[in-house]
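For reference, the structure discussed in these notes is given below.
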Amino acid sequence: MLKVIELDKTYGQDKHSLKSVNFTAQPGEVTAIIGPSGAGKTTILRSVNQLIRDNGGQILLDDEDIRQANKKELRKIRHHIGMIFQNYNLISPLTALENVLHGRLGAKSTMAGMLGLYSNAEKAEALELLAEVGLKDYAYQRCDQLSGGQQQRVGIARALMQHPKMILCDEPIASLDPKSTRTVMDILRRLAKEKQLIILINLHQIDVAREYADHIVGINSGAIVFEGPSQSVDDTVLQKIYRQADSTATVTANEN
Amino acid sequence: MLKVIELDKTYGQDKHSLKSVNFTAQPGEVTAIIGPSGAGKTTILRSVNQLIRDNGGQILLDDEDIRQANKKELRKIRHHIGMIFQNYNLISPLTALENVLHGRLGAKSTMAGMLGLYSNAEKAEALELLAEVGLKDYAYQRCDQLSGGQQQRVGIARALMQHPKMILCDEPIASLDPKSTRTVMDILRRLAKEKQLIILINLHQIDVAREYADHIVGINSGAIVFEGPSQSVDDTVLQKIYRQADSTATVTANEN
Amino acid sequence: ASGTATGTKSDSSASKDKDKAITVVFYPNESAKSFSGSRDALKKSIEKATGKTVKLQTTTDYNVAIQAIASGKAQVAYMGANGYIQANHISKDVQPFAAQSDAEGSLKKATYNSYIMVQQKDADKYKDGDKYSIKNIKGKKMSYVSNSSTSGFLVPTAEIKREFNVKDEDKLTQNGQFFSKVLYGGSHQGSAVNLLKGDADVAAFDDGDLMPYLKPSEGSWDKLGSTFEVKDDAEAPFTDLKGKKVVNIAMMPVQQGPWVYNTKSLSKDDQEKIAKEFTSKEFASNKEIFSQPGSKAAKLFQRKTDKQQLIKVTDKWYEPTHKLVGY
Amino acid sequence: MKTNYRSPQQFFRQRQLRLWVVLIILIAIYWLSMAIVSFQTIPSIVKVPAGLVWLFKNFVPTQRSISYLGPILYQLWRTLLVAVSSTICASFFGLIFAILGAKTTTPSPILRVVIRFGASLLRNIPVVAWSMILLFSFKQSDFTGFLALFFMTLGYLTRAFTETIEDLDGEKLQALQAVGANYFQCVFCGVLPEVASTLTSWVLYMIENNLRDATLVGILTGTGVGFLFDHYFKSFRYDAAGLIVLLIAILVILLELSSTQIRRAIA
Amino acid sequence: MIENSSTTPKTLPQPNPKTKRISMMTRPRLILRTVLGGLTLVTLYSLLTLNTANLKLSEAFKSLGTNLHSMFLQPSVGQDSWNLLLTALTRSVSLAMLTTLLGALFAFFIAVGAARNLSPTWLANTIKAVMAFIRSIPTILWVLIYSVTMGLGANAAVVGLTFHSIAYLVKAYSESIEETSSDTIEALKASGVGFWPIVFQAILPSIIPALLSWTFIRFEINFANAVAVGAAAGADDIGYYLFMSGSFYSNFHEVGLIVYLLLGVAVILELVSMRLRGHYLQKN
């Protein structure tokens, strides 16, 4: 279970990006964070695996505070947290297989990692994971020759290769077409259930969030304004979350 | 009125991308082309302003066949056809204002165009168009400092600056968030009505197409499989258009 | 008739050239170094003599200097003997008119010295009877200055060619042909350093350039078989080589380089005026151009006695160097 | 940047003003330079074709020059070897320095400054100085030529590699960090594969460049095709010198072609 | 052992993970490694056969130390004067300025013809080949040619040096142009804009940082070239004094001083270039 308690983050001197953020994400569930642009969704996600350092609070993953970890421990913890990016961030000249194998880097010695020495078992597992996300035939393809949806699935396989307890996804479907969106979200939901992962996902598309997430966290201007099961997200809640100049228009529009 | 008659296009030797395509688009209406990936939507759009040369047929804009035009005439015709792209395709280091003014370049002499000499009237008009798409305050901002939705609106203003008879849009909202999507589509619809433009638009989002388009053209594997008012697009039609391996899933998904 | 017509035509264009500035070109060979003070004084005296503006041009490239005077783009030049022969070969319009005289004010000994030297510790190997000779240098490691140098390349190779009766000069410049190895020092000092350090067994260089670094410990600069020692206060690159000794096993006179003009692009009148000015006594007493006897100031020309000056020369006087070059 | 102008006219006036200021500065610099070295633009440009004619008249290889082909080809081969080996060695060290010196991957900003400055130093020491530094200490040999090329190439490649690495999208490295990879793993599994093809094309370009620079370095080495060129050039055998230039040009064009091919193949 | 994967995934070996060794080699990788391996082999071969003239490294480095010491720790103006050297330095900088500005101007227009995304392939390839040819003619030859055809002096130096400047910048500029996204160009083409307006209104603004960066690199090279061969054309710049103190007097102290002067210019150049680049890039 991931428990974020009173998380605070200010960029620079006084730009308050997160104000006392509290929420919980359960294993086996997809937890979606929704909110307007600039609300702090990315900031939360990156704080969770400490890619950015916050200014105060607690981040408990299975009751262990990630924020207390030293550099080496942090690497170990990160190794158990998969991350999926909007722009996939794969190493493009490498094959899908190799990118997936990168998921093992955190578990390897520096030397073995540097030289890319992977055991046969690891390679076999990577192939299996690629098959799992429907990319069996593309294992030896260079990543920049894959479509967006395919690249995102490679990203998922890479995250899975880490044997994660938790997967963080920052707008994983923003650059995808509707069909790929469904494929990717289906995979994420299935994984949460099957492997009992904590899946934390930033989303812009409310309809997708409502369809796929079990639990929804709404954020506005760095503060949590809603937390609850996705069924309970109705128009009033959305208006609260997207409370801004012309937010009403946006929300009702998505209600069609 | 745009009338496409028996348009044919083969890439390379025998890759038939368009097969006897026929459809019409009326001024004052938004005409949406929908269809699965690779169906030939982009190919149609680019044939209409001859960015790619087709292999046969007719493209009548106000009863004049674009395909017969020589190089110079073509430039003139193109000047009256605005085009809006998925990735906006603005010149990023320049300001919004300058990008909008680029819409006039096609009407200028080579010299004036090279040096970017615009009349005061043109500058005033560009500002007005920016105001019209809601970007009055961003006129002097560099384009790469604008959000996607804002950039797309600059793209629209640029197209309008051409005083077009017709605007072609290739998936103009694919990279936009829901809010920007609505803004952009609203503007396009309004323009079609107000200025009696022909608006031809490739879309992946069926719900958006149904909401905003007056007329819908469905294409599958290079052939038109449906043409009619948007109200008449129902599940059977959609299944026909998206007839492919897992098209049903995609379609129903978008129906939620 | 047509011949005269073209003749007058080219004459008129040439005379138009003649009204323009006179260009003097310097290539820094062994005898003409970078003395901007001397050059300015030269410029003044030519201007005074001809009444025309003078443009001084320096170049660091041998070919450029020769092509410039041969093509008539420059009217006057100061060159090494070898360079003159090359320029004269390309265009007969290039003619010498003055060169530095010997201490007596004559052309008899208007030469400086080029040496072939070896290390003192090896010197005995090069003895033929009780005299030094170059008979044993075949197969050794050789160091020249650079292949455009008169005293550091042309004269020594000519000497070797004569001694061993070698026809093809390329044999002397390539590794493993006549010499086991051929080095180029880039400068006279460099060539000497090659020898002193033992990278070369035999080296060629001249006297003027090494005087600041070497002193005769036995014999003199003008005597064959003399021994020279690196001075105690020698500067880099000789700092590590103090006290080392070398012996000259051959000494060849090198003709002083001439002042030349291009007779096509410089009017007869100006030719005479300049030649007269240069060979005059007053010119030789110009303190900016000649370092006066006893003075240490470095100038374009060194004057050991009051009699030393520039003296008129013709192509004929360069016959010996013509022979060396082969044309 | 100021984003509020009262009118587009004002904005464009400012734009134009800036453009004019830049143009005037450039023209002023040009005029000043012209005056300082007394250069005449138009008369010089007019004479460009005449020079090309002279070049082709004098440097076209003749029957005689063919007889020099043997030694020329041999020396060309030696030069190619030196060009390749110095580039490869320099690129090895250049890569290390670039990784240590690039903004995105440097372990310490001080090191970055030191490397940048050092590379600039290597690039800007003139050939004459190199020749003095190296020739008097390392004697005249292939090795000295190798060293000279090595240092100059190192200066350029360090700069080129650094900029290539800095252009890399930082987020991709973050992705590996998020996996728990450490510094070296990020570099070897992330940075290197990403920049490999750009670096390869730089390496191939520098080989070509070093082959051309052989003319300068030939004087240091006393061997190589550069020395041969110098030799023929100074003894007025222009046809042979022309033959060398022609052969180098052919080799350079071949290298460029294969470089394009290789880049396409590995892209 | 090595299994190539072509781009058609169908032909891939169906891996039987438990038993067979899984290879990760792909064709491009194989080519890259072959090229690098080949180059490494050539390097090893040439290093082994390199003529080192029986170099004793300890001695060489000791002498290197002394020489560097007198060069860099005891610089002096030698027989020339500060005045003379600084004037000559200004001339060298001016030469570099002229060759860079001229080179950049001509190169930009030629580069438009040499860019594959703007010009027909045959034209682009021809221009590139010609430029490669020009680059392979040594600078000293260009200088010789022009000092013969127009006399010694700055004219010959500038024209001679500008050839390489153009050839280099055409290569660099055209590659920068090729990197501008073809979509952006197409956007303007689609609105009926002609060729030159597209070049000046779309491409030029997009590639200014790249152009700046390349031009400054070339300025640096031009400065070095001006020093190396400008003096040969009789431009009477700092190269002359460097040549004299180096090749004729072997005066390490003066060479050291001149090198310091040159490095000073280079540092100023680097600072200016960093400022300008920063100025442009920060706007992104």
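Here are some notes:
For reference, chains read A, B, C, D and E in written order, and residue numbers begin at 1 within each chain.
In the analysis below, a contact is a pair of C-beta atoms (placed from the backbone, for glycine too) under 8 Å apart; a residue touches a chain by one contact, two chains touch by 3 or more.
In UniProt terms the chains read A, B = Phosphonate ABC transporter ATP-binding protein; E = Phosphonates abc transporter, permease protein.
Because the structure is predicted, anything quoted here is derived from the model rather than measured.
The chains that touch subunit B as well as subunit C are D, E. Chains that touch both subunit A and subunit E: B, D.
Seen from the Cα centre of subunit B, the chain whose own Cα centre is farthest off is C.
When the interfaces B-D and A-D are ranked by C-beta pairs in contact, the top one is A-D.
Centres computed as Cα averages put subunit D at a distance of 4 Å from subunit E. Put simply, the C-alpha centre of subunit A and that of subunit B have 34 angstrom between them. Multi-chain contact residues of subunit E (touching two or more other chains) are listed as 28, 53, 63, 67, 71, 140, 148, 150, 153, 239, 243, 246-247, 250, 252, 283. Contacts with at least two other chains are made by residues 93, 116 of subunit A.
In subunit C, the residues that reach two or more other chains under the touch definition are 63, 186, 190, 199, 236-237.
All chain pairs that touch, listed by label, are A-B, A-D, A-E, B-D, B-E, C-D, C-E, D-E.
Of all residues in subunit E, only 53, 62-63, 66-67, 70-71, 79-80, 84, 140, 143-144, 147-148, 150-153, 229, 231-234, 236, 239-241, 243-244, 246-253 touch subunit C in the complex they form. Listing the residues of subunit B that touch subunit A in their complex gives 37, 147, 174-175, 177-179, 182, 204-205, 207, 211, 246, 249-250, 253-254, 256. The part of subunit D that touches subunit B in the complex is made up of residues 1-5, 7-9, 11-12. Within the complex formed with subunit D, the subunit C residues making contact are 62-63, 86, 90, 146-148, 173-175, 182-186, 190, 193-194, 197, 199, 236-237.
Listing the residues of subunit B that touch subunit E in their complex gives 49, 51, 74-83, 85, 87, 89-94, 102-103, 105-108, 110, 113-116, 142, 144, 158-159, 162, 168.
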